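Quick notes on the structure that follows.
Read from first to last, the chains carry the letters A, B and C; within each, the first residue is number 1.
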Amino acid sequence: MRKLVKLVAIAALAAGLSTAAHAEDPFIIVQSTTSTQNSGLLDHILPMFKKKTGIEVRVVAVGTGQAIKNAANGDGDVLLVHAKPAEEKFIAEGGGVKRFDVMYNDFVIVGPKSDPAKVAGSKDAAAALKKIAAAKALFASRGDDSGTHKAELKLWKDAGIDVKAASGEWYRSTGSGMGATLNTAAGMGAYALTDRATWISFQNKNDLQIAVEGDPMLFNQYGVILVNPEKHKHVKVKEGQQFIDWLIGVEGQNAIRSYMIDGQQLFFPNASAEGMKKAG
Amino acid sequence: MLKPPEEHATVYSGGDSLFPLEVSGLAFSDRGRNLVDNVSLTLDGRSRTVILGPNGAGKSLLMRLLHGLLQPTAGTILWGGRPLDAAVRARQAMVFQRPTLLRRSAEENLRFVLGHLPRTARDARITELLADAKLTDIRTMPARLLSGGEQQRLAIARARAADPDVLFLDEPSASLDPASTHAIEELIRAIHAEGTKIILVTHDLGQARRLADDVVFVSRGRIMEHQPAADFFLNQRSDAARAYIEGRLDIGTVDQS
Amino acid sequence: MSDSGSILTLALSLVLSGDAELWSIIGLSLRVSLTAVLLACLIGLPLGAVLSVARFRGRGAVAALLNAFMGLPPVVVGLAVYLVLSRSGPLGVFGLLYTPAAMIIAQTILVTPLIAALARQSLADLHGEYDELFRSLGLSATEKVSALIWDGRYSLSTAALAGFGRAIAEVGAVIIVGGNIEHVTRVMTTTIALETSKGNLALAMALGIILILLALIVNAAVMALNRTARRLAYA
């Protein structure tokens, strides 16, 4: 009986650990953001890449800030995020090789239908934020050092408003991902800044609707970077570069363009001609 | 290693024997109370020795000291000239008042102490032990579902399994009916007949009369007397023993000066 | 938002449809947590048994430490394991981060103190009962420990199931060290976190219901075990 228990334990342990260790298909790890994953874009384009190259792309979707830190630790082969200044700093510090523009989408400010700050329909983000602050209308912020959070803070700065002082009053910092923040905003009838892709695919809109859109200040650029193999020897340079080349090449760009929800295009490819040519 | 004192330099019955057991100046105290007090005793390896005395006299403590389950505060215990160490204790076995049985079947309780034997020899020995204890029918029953008498017989069978030179029994039938008590006493006699020294603690006069070859009478942590059983029951030398035999209830206050 | 009725319907239809995706997620959850619990038992049961048997200075402190670690916050464990398994960490060369192995390691660390502490508690009582017998038989420490573990097997399975309950339900550790990668390290709890962040509350809740069902099954198993143990007087 006791021998049997031992045998079963060993067998179960072997089974549990086996697939963890067995040789895998070629794969790369991409540190990316929740917006690319939650919007469904990656689910749309990655199978196309896998079909062409046989390379599996494993996506770790976290906030841009955390994604960059993970990549700086060497925990990934490719970084796909949206915070250009932070990306450039990452490269300057030797974390990555080169940054390529991939695509953009835009941010929108969403808010409750009752619109307490009277900003609905505005095309001026800074002016709308000033009104929100003046009305002390609730605003839910990511507060998680993500790309969207960084973009939001820049907008407040441009509007000349110190949100730190209002934190806990009308300014609510959730410290969470985009979806969780939208859930919070929907729950308490707050305004929030979100990328359009997450917004369109978000299922729990409740009373929220788009209040402000179309301001060039709300432009949201995504970049892709190969993690520096000189700093981290294990980086899969060949496969990682293959992914980047595909993404900024004709096929990847077309794949991004073809992703729609309810007839709306969510991301707009804008890789440079140089990138397109190289890959093409 | 302790050297036996001069006066104990007796002729030992054999280099390997645990006897005589020589105890001198043995004491055990707990929180300032002398529970076993300056006990000296010599026992041979053949008889059935009954340690008799009222409740709380220190009988069970004395037995635990002799078996090494407790460390004495003072005094020496020599088994055949050897101090009480693991090798000596390995040749002894003990049966407790409340049978401590493993949460396993009857036969697994025996198998537990027979691990050193090859499988066929072990199974044969288990069969034999269970038969002697009249437990053949309940071989595969969970031990703790057995009756009180069966449990104690199983505990005795387990103690016997390793063929000990000494078997200690601490009030083995304290809570059992006459029939169960009889069965246990039969078992004890059978084990003694195989050459095992019996040291039995009881406060049951009847059991003492039935089993004892010699009686050690203990009261208030001290040995009041040690006599052959026939002599003891005829004529007690100590007031405490006399009072106990006569069933006087004021024994605790007897002047022991 | 969907009402609770439709959430329940969705949950049931998801389970009954035999959705391959869902079942692979449930399968990975079970594989990771069961393996972690098995490892935690291999470490925690002997550790708890040794602590219940051994007499040494500082034993009380070790027991108190174990009790405190019973409630280790999963995020903290996740972060610590991340720092160790990260490519920049001491064990980075093995490339274990973002694999099921990393999740197993994190959950093992999370659950071992719980199992060890519960084992220590129940085996200490058992040892109190067996102590004189064991010493009379002159058992070695190893023999004592293995006998205690075997005789305490029913209460110890309860400890193991408690550990499993903690492992299967935690999200904080596995999401950090596993990365919630689809088809690789995505388990039930991280899926719930993801679907919630997508605002997909119905699907998240459906998965939650499946998790609760699993917890119910586990608890039923515990009760059945205890009943058997009582019937055989092995408890």
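Simple rule for what comes next: a residue touches a chain if its C-beta (ideal position, glycine included) is under 8 Å from a C-beta of that chain, and two chains touch if they have at least 3 such contacts.
The structure presented is a predicted model; accordingly, all values stated were derived computationally and were not measured.
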item	value
Geometric centre: closest chain by C-alpha means	C
Most distant chain from subunit C, judged by the mean position of its C-alpha atoms	B
Separation of mean Cα positions, subunit B and subunit A [Å, integer]	79
Euclidean distance of C-alpha centroids - subunit B vs subunit C, Å	47
Length of the line joining the C-alpha centres of subunit A and subunit C, rounded to whole Å	32
Of all residues in subunit C, the ones touching two or more other chains	150
Sites on subunit C touched by subunit B in the complex	129-130, 132-133, 135-138, 147, 150-152, 232-235
Subunit B to subunit C touching residues, read off their complex	64, 67-69, 86, 89-90, 92-94, 96, 100, 102-104, 112-113, 142, 144-145
Subunit C-touching residues of subunit A, taken from the complex the two chains share	2, 9, 12-13, 15-17, 19-21, 29, 34, 37-38, 43, 58-61, 70, 73-75, 176-180, 182-183, 186, 201-206, 232, 234
Sites on subunit C touched by subunit A in the complex	1, 31-32, 34-35, 38-39, 41-42, 86-89, 92-93, 95, 97-101, 104, 150, 179-182, 184, 194, 196-202
